[in-house]
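Look at the two complexes coming up: chain A is in both, with chain B in one and chain C in the other.
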Partner chain A sequence: MGTSWNQQPNPHPVMAVDRRKIAVFGAAFVLRLLLTCLFPSLPDLLTGRVEVSTPVNSFKRLQEGLFLYTRNVSPYDGGVFHQAPLLLPLFALLPDAKSWPLPTAIFYFLVDLMNAYALMTISASGQSVKSRLHSAVRKHVRWDGVSVAAWFLFNPLTIATCLARSTSVFTTSGILFAISNAVGGNSINAMLALGFASYLSLYPALLFIPLVLLCYDRRLEGPSPPSAGSFIIQHAILLLASVAGLLGLSCLITGNFWEFISATYGFHLLVPDLTPNVGLWWYFFIEMFDSFREFFLGVFWLHLASYVGGLTARFRSQPLFVITSLLGVFAVFKPYPSISDASLFFALLPLYRHLFPLMRYTFFAGSAILYSSLLGPAFYHLWIYAGSGNANFFYAITLVWSLGLSILLADTIFAALRDEWEQEHPEQVGTEVRQV
Partner chain B sequence: MTTKTGDQESPQASSSQGDQLSVKRAPPPETPAALQTRFRVIAAFWAVIIFLGFPIWWKTTSIYRASLPIEEMVDWADGKACRPVFPLDIHLATPSMQSFEAQHLLRTTQHTLDDLNEFAAHHLRLKLTNGTTTAVHNGEDNLEYPAKETADTALTVRLLPQDGLASPWSELHAAATQLDIFYPPSQVPVPSSSNSPLSTFIAAELQQLYGEEKATIAHILSGNTAGLDSTSPQLAEDIDRRLRRSMKYAETYHLSFSLFTPGSEPSSWDIEAAVKEYVSPLLQALSPISNFTVDTQVQLYANFAPTAPKPEYDESEAAWTLKKEGLSAFVNAAEWPLNPSIGNGPTINFILYVPDPSQSPLIVKENRASSWIVPQWGGVFLLNPPLSNTGEQSAPSNPSHLSLDSLGPAFMTFSHQLLTLLGTPSTPASLPLRLQTSIRIRAASLLLSASSTMGSLARLTKSLPSIPIPATVATSVSTTLSHLSASCVHLREGRFGAALASARVAETEAERSFFEKSMVGQVYFPDEHKVAVYLPLLGPIGVPLVVGLLKELKRIAARRKANGAAS
Partner chain C sequence: MALKSAIRNLRNNPNLLYVRLPNLVSFICIVVGVVWLLLLPLNEYSRQTYISENALLPGQVHAYFTGSEQNIFRGYKKELEGLLNDGQARGGQKDEAEVTAALSDKLQSILQAAGLKVATQKYEYTSAGITHQGENTYAIIHAPRGDATEAIVLVAPWKTADDELNLNGVTLALTLARYFKRWSLWSKDIIFLIPPDSKTGTQAWIDAYHDMHPASVQPLPLKSGALQGALVIEYPFEHRFQTLHIVYDGVNGQLPNLDLFNTAVAIAGGQMGIGANLQEMWGHDDSYEHRLQTMFRGMTKQGLGYATGAHSSFMPYHIDAITLQTKGEGWEDEMALGRTIESLCRSLNNLLEHLHQSFFFYLLMQSNRFVSIGTYLPSAMLIAGNFTIMAIALWIRTGYYPESKPSAKPKNEKAPTEEKGTNTIVERNTIAERYLALPLSLVVGLHLLGLVPLWVFNNVFHQYFTTTTYIFVVVDIILPLLLAAILSNGLGVSKPIIPQQYHLIKSFSLLLLGLSLSTLATLNFSLSFMIGLLCAPLSFIPRLRGSVPFRLATSSLGLVLLNLVSPPAVLLGVCWYMGVSVETVLTQAAFGWDVWGMWTQVVVWCVWWPAWLIGCVLLGSSIF
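Let's turn to the complex of A and B:
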């Protein structure tokens, strides 16, 4: 698809303000604006969908917290709001989303465009095809930044997330800016951005190791390389300091430190709200015996975290790829996943256009994802509204969705390994893989 | 979960891709770097499992079991820790006797009593007092039970000489713990004689006074199977019947007084004054035993259940009658709003039923009675107020208001019914004595009940090693045990009020520890089920991890061997 877009990256980013870029960004903006204006009920409809809004990123819950906050009541009273407190003063500046929906919507559009810009920066750096320790065999097979941005901006999942005003977009921004700063060699800004993302959603902290390795590899390309140990420790301290600073600010806002910690991070960690979503946790913990709940919470979190070490060790030469695959893992296995997590994974995948020819199950994975994203809402409707289905209908569909994402992820990892193999054994390019 | 294993295997499976290539050619040997990477990947996964997984598993699935004094609990249940004894202090007031005469009388009477007594746990101790006026006050004091060190006085026996008597006779005060014995002065025992008619008479009186209590306590202590050998079958049956009719002991009882009438009148009653007059003094007296709350209600247009037998008119009695066997259906449990329980604790219902003027007067056919007890539930009283004729044509009607006077008989009956429902013995005639007896009986039964609860808890913890025992249970158990032994000591020293107070605390704590909710969660969760909990998820994750580890270990072992052979 779209081999005609294959171009060499633009060597001068300043001149990247070309017509294609303006067209893509403008079209994305206008498309979102049209959808909002032509279908005024669409944002609220999407806000209520369980696939888009989870208890930790729902705009409705943010409104509830905002209402309490503007009336000087603790936003966590009532147990509805579970998001970071710093979002509250930010949204308090915007006009009320109920009576003036457009300013908030435009704010979200702009955040989306910024995310796309960060993606362009990542793409422009070329780190996905050629890094310090690794150089892909098919480096000429790639898309330029504008195409990558277009893939992100015109992805229906991204559009739905943006229209639903899910606060996941800020986490996405944090992660994308952390990566774009890291590939740009600005490791301090990368850590601050990762601190922001971790502060909002906790799980991005798991990206620290691959991200710091990415920063380290970039630094080694420059003059006066530092030692690995002190570099990592310095950046860990930086990350902790940025998170601590944000927590301190939050404490100033909410007043009660432990209340907000338990309502936000406690909520992420202990998963008390089992509202259905596209993930695997809710059904499992509904069925789980109470006495084993804590144990399996530990198992699920460890399962999520255990990929960090393994993937980083295996792909030490490609830290950016580790980040991409970890984002895929999070989209499947994190406690409150939504389609915004999948959209972030899909946003980074086009950077690995050169791996696409090596992938084997793209058709199957694509079909599974399409199938589940079409049938998911239908089965949810059957279960909740029509009453002719039950929870298993929806859960089965979320399993298919996770299966599709997992196949895509595994296939990408396979392709990356194959790429490494071909690089080490140039004589074997094109031979068939055989299971032994 | 297959997706998960797919993900996990991929780094390992693909890292061993060296063996996977090429159909005909042998795969190229793995480079040392690839081997090292594979080792690192496996180590990374296992490091997470070992350093994070196992601590979490240990922390979240270990069961907290507070240590309980099992031995001591079993001892209590088996009755080894405490033999409850009931030494009753009886004061002998002999205002008109010489001191040595009184001493002698005391000795001989005590001797006779000891000879008569066959139940060692319950014995009467006679003591001399020289006061004559304190006796009346004792009756009051005994019901309040300040924490005094001396034993409670159970009874004061006053010996009063009276001329012109052939044999002694006795009179029990109905409102005090006092027994007056009038004797002919000639019967004062002389020191030489070892026995005298007066001492025999006193001993027999006391024995008879405490006969029922003794039999009841013996019945309770022997575990409701057999009483004393000497107890007459009649008495044994009475005791058994009373225990069956009385409510189960509770810390708090709710008394509910209800006025039911099938018509519109009477619609008011002097209930507040009636409760104050007839019930409150009794509740005050019963306060050492239990707490009480009082609720009242008036229900008009209360009909009989459709299936209940209708009253029949009896010409000979000139009254409407209910058959005795139909009384059980009298209370229309389906429609009359009688709550089974108000809050915590059982409810005792008292129903005042005013029949319709067309069916008045209403009585029980067989014995013309107007009241009866519903065992373990409450009492019913049929009140037939005088009918009033307002006009010549109109039918007679009930008065619209029931005054305190008209409620008197009903509430006298209710207070008797309350005593019966609470298990107070029917003899002796003196109310303070009956209440004292009641205290001793309750103390004995609570002591036994709390002890046996301790035993059950001990057996439960021993037989189910997988249930958690929270620290609150251990605290409750130790409170129970300390109050049990305090209660036992109080009993031995004759302070029955204090003994009951301790026994009540012990019983409450024992029940709380036994019915702790968090303990029973895992009772029905045998160890075999844990396989079904762990395996479906951890199996698919674990197999590739374990196989990867084994392969890696094998490779390392093979290399060691090769190195050893080479050197």
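Let's turn to the complex of A and C:
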């Protein structure tokens, strides 16, 4: 997957790059604005789609919580709202989305642009090609930050998530800012941002180990390196403190600590809502006898968490790559995945442009993802509206979607391993891989 | 051993592997797909229909609608006829609105006298500059044994699907309303709906029933429960009829559950002794040719996706519906039709849950013979698959198989040592760099461009449709050449394109086409099959090489042939062959888009047209 974006040298690099940046960000903003204004029913349509909105990020449910909150009722009464309470005062400041949709929409557009800005910072640091312990073989094959940002901003999945006003975008911001601060050497801010993301959706906490290693590697490049143990413990305490602070604030808002904990994190952990989504959990847990439920909940969560250890150990030299591949794992295996998780994974992939020549199945993975993104809505329609299909139709397609993502993920990991191997064996560059 | 060496030979011959073989496989896919469809009418591949839902019990009850009810029928008919003739006799003096109002009042008073709750609904639609308006009258029998959670609908439009006056049908509905009211056995409400025509009335009513109506349609003052099924009665002439014609196609090719059709056939044929026909096949002798013809007619209707009668509007709401039309000259009178409908209603009344047992995807080839989706789907999927095969082959070809010899590295280079000076590493069998930005943006851009004709053909006033079509024929001739010239020479807009990018453009375009068609095949098999066949040449369009006159001659000929299968040209051709005017067809299509929610146009302009355009651009680029 290679493009010839901006390959020619430019006489005024700074000016031109700035202009390109403005063009990309401006075009992304205008495109979103046009879509909202020309098709006023589009945001509500997308908000209702199961592929975009899950019980833990749906804007509709947020509205419900907001309604209760502004009327001084606990937002978790009624069991519809399962998102973090700090979102409520934030959205209470914005005008009502039903009668004044534009301010909320523009707020979301700006969050998207901020995320793209964070991506540009990550790309500019060059950590993806050259870090403390690793230096890629094909360093020269890479995209600049603007291309990476454009890839993120014009990704249809990102646009759909943004228009659907899914609250996942805030988790995405948390994660992206955590990474961009970490690669920038600002480890305290990185932990605060990760704390924010974990507070919103719980699962980003799994990124702690690779992220702290990334911060540690950056710190070692500077003067007066600390010892690894104390560095990690300090940052763990920092993360816990930031989460605790946010939880304390939430407690002030909702009043009842245990109610909101069980309605949000309990909901994430125990997966009681089996509304269809693009993930693998809902169908599995619908089919399961209740007596096995707890056991398999444990197994599924353990499975999700187990990737952290393995990938971190194997790719110790490339913590940023561990984060990228973990985000791919989350997009497939987390309990309530939506296309926003896939869009976050796709956002970080172009940082590894130098691995693309080593990847073998991009076209097949891309085709599988394209096929499933067309067939998914069609089969959902057949199941829910036309009544001529059934749940198996949609589940089969979510399997294909997950398969496409996993192929892409496995292929990326293969390419990264191959890259490491070629670095160690320069004489073997370009030889064919053979399974033995 | 022979096989192994054959495979080894194939690997060593990239031209065969990446150029010849995919062409051959694609071609075989198309041929097998078509042959597959042609095999379906044979006894070995089609199946006898059967009633799957046991609760229906078709024809197990005695129908009592006879004798004295005929007098009621005659009386009602006389009253309605009187009003109609009154309007006609005074001609200019009394305008149509007054007659309609008088008829509506009469209907309401008759239904009220029979003890039903009556309501009306006004509506208005505007499409292609034409305003359609009317008023629905409907009445509800509340089930003595039910709780108003389920209902059956009986529809008798004033105008049939062929725009004839359906006086007998309306009268029969009124008689049945009075007759049904006196029975105590109904467990579902029965709704009698009398819309002014077959195109708009039921659509307005069913939209409003589900609160999905636009602002120009009034809401319903009176409602019942979830609709379980709908029957439309058409009896547009005075003499006795011979057979019943069952129409079952819905909007966008959606079909009612096969059980409903089977029940109608079983009751008409088995219980009442009236023959049942479908797809206007009057002299069906169950031969292969007639079965195939029936299937093709069904596929055409399904593929075009328009509403074939008042029943079609029910289908998008997952309400199974059919139209019963009386045809021919024979022995059967309105009482026989009434008994058939009574028996059908009794069967539907038996239902314990929504019709779900039988097939929703089927092709009928005789009133008692069908093929189900598992048997017929492979044919459309094979045709859609041929595009995907070509797309994959082209993708691999751009990466592994050097197109232009000098720029690519020599094939048999073995020594890894040399050429390390300039920072480039010799990669012996990794893939070549692909330049995707231009192909991706071109393919996506042209697909978005399809929105322009989509908008134009749905929003132009109806009198300009013919002109617009001819303009588009001309645009379709010029636009590909223009694009090809820009791509080949740059013309200062961009850098000239390299051969690899042509393959990538074609690969992406075919990938999208294959993708859309295989998705479409699960929703509307026939449309996917038709578009797939019309697009089949696009798989095999090469970018010609050779001397200038040869390229010029061949690609011009190819472009002329391709222009013959362009969307507007096909439209004109079909209209000419069928003897209907382009304006009528396009007005109907715009009406379908505005009112019925028909999306055939989206497929034509956003799937077929861009793929066709890209094919033409590739062929046209051989000239420059």
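Throughout what follows, the second predicted complex is superposed on the first by the 421 of 436 C-alpha atoms of A that agree within 3 Å, B and C clash if a C-alpha of one lies under 4 Å from a C-alpha of the other, contacts with A are read in each partner's own complex, and residues count from 1 in each chain.
Here, a residue touches a chain if its C-beta (ideal position, glycine included) is under 8 Å from a C-beta of that chain, and two chains touch if they have at least 3 such contacts.
Since this is a predicted model, take the numbers as computed values, not measurements.
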- Based on the superposition on chain A, does the combination of chain B and chain C result in a clash or a fit? fit
- Could you say whether A:F296 touches chain B, chain C, both of them, or neither, answering first, second, both or neither? first
- Message: Tell me the contact category for A:V329 with respect to chain B and chain C: first, second, both or neither.
- Response: first
- Is A:G387 touching the first partner chain B, the second partner chain C, both, or neither of them? second
- Rounded in steps of 10, the angle in degrees at the Cα centre of chain A between chain B and chain C is 80
- Task: Figure out whether A:L45 sits in contact with chain B (first) or chain C (second), or with both, or with neither.
- Result: neither
- Task: Give one of first, second, both or neither to describe whether A:A305 is in contact with chain B, with chain C, with both, or with none.
- Result: first
- So which one touches more of the residues on chain A, chain B or chain C? B
- Should A:W421 be classified as contacting the first partner (chain B), the second (chain C), both, or neither? first
- Query: Which of the two partners, first being chain B and second being chain C, lies in contact with A:S367: first, second, both, or neither?
  - Reply: second
- Query: Taking the superposition as given, does A:E432 touch the first partner, chain B, the second, chain C, both, or neither?
  - Reply: both
- Note on the structure: Once superposed, chain B sits from chain C at a minimum Cα distance (Å) of 13
- Shared chain A contacts, counted only where both chain B and chain C touch the same residue: 431-432
- Message: Help me check something: in the complex, which residues belonging to chain A touch chain C?
- Response: 1-5, 137-138, 140, 357-358, 363-364, 367, 370-371, 374-375, 378-379, 381-382, 385-388, 427, 429-432
- Message: Help me check something: in the complex, which residues belonging to chain A touch chain B?
- Response: 284, 289-292, 294-299, 302-303, 305-307, 309-314, 316, 329, 332-333, 402-403, 406-407, 409-410, 413-414, 417-418, 421, 424-425, 428, 431-436
- Note on the structure: Within the complex, chain A is touched by chain B residues 2-4, 6-8, 10-11, 14-15, 17, 19-23, 27-28, 31, 37, 40-41, 43-45, 47-49, 52-53, 56-57, 60-61, 521-522, 525, 533, 537-538, 541
- Touching residues (chain side chain C, partner chain A) in the complex: 254, 316, 318, 354, 356, 360-361, 388, 391-392, 395-396, 416, 423, 425-431, 433-438, 440, 511, 515-516, 518-519, 522-523
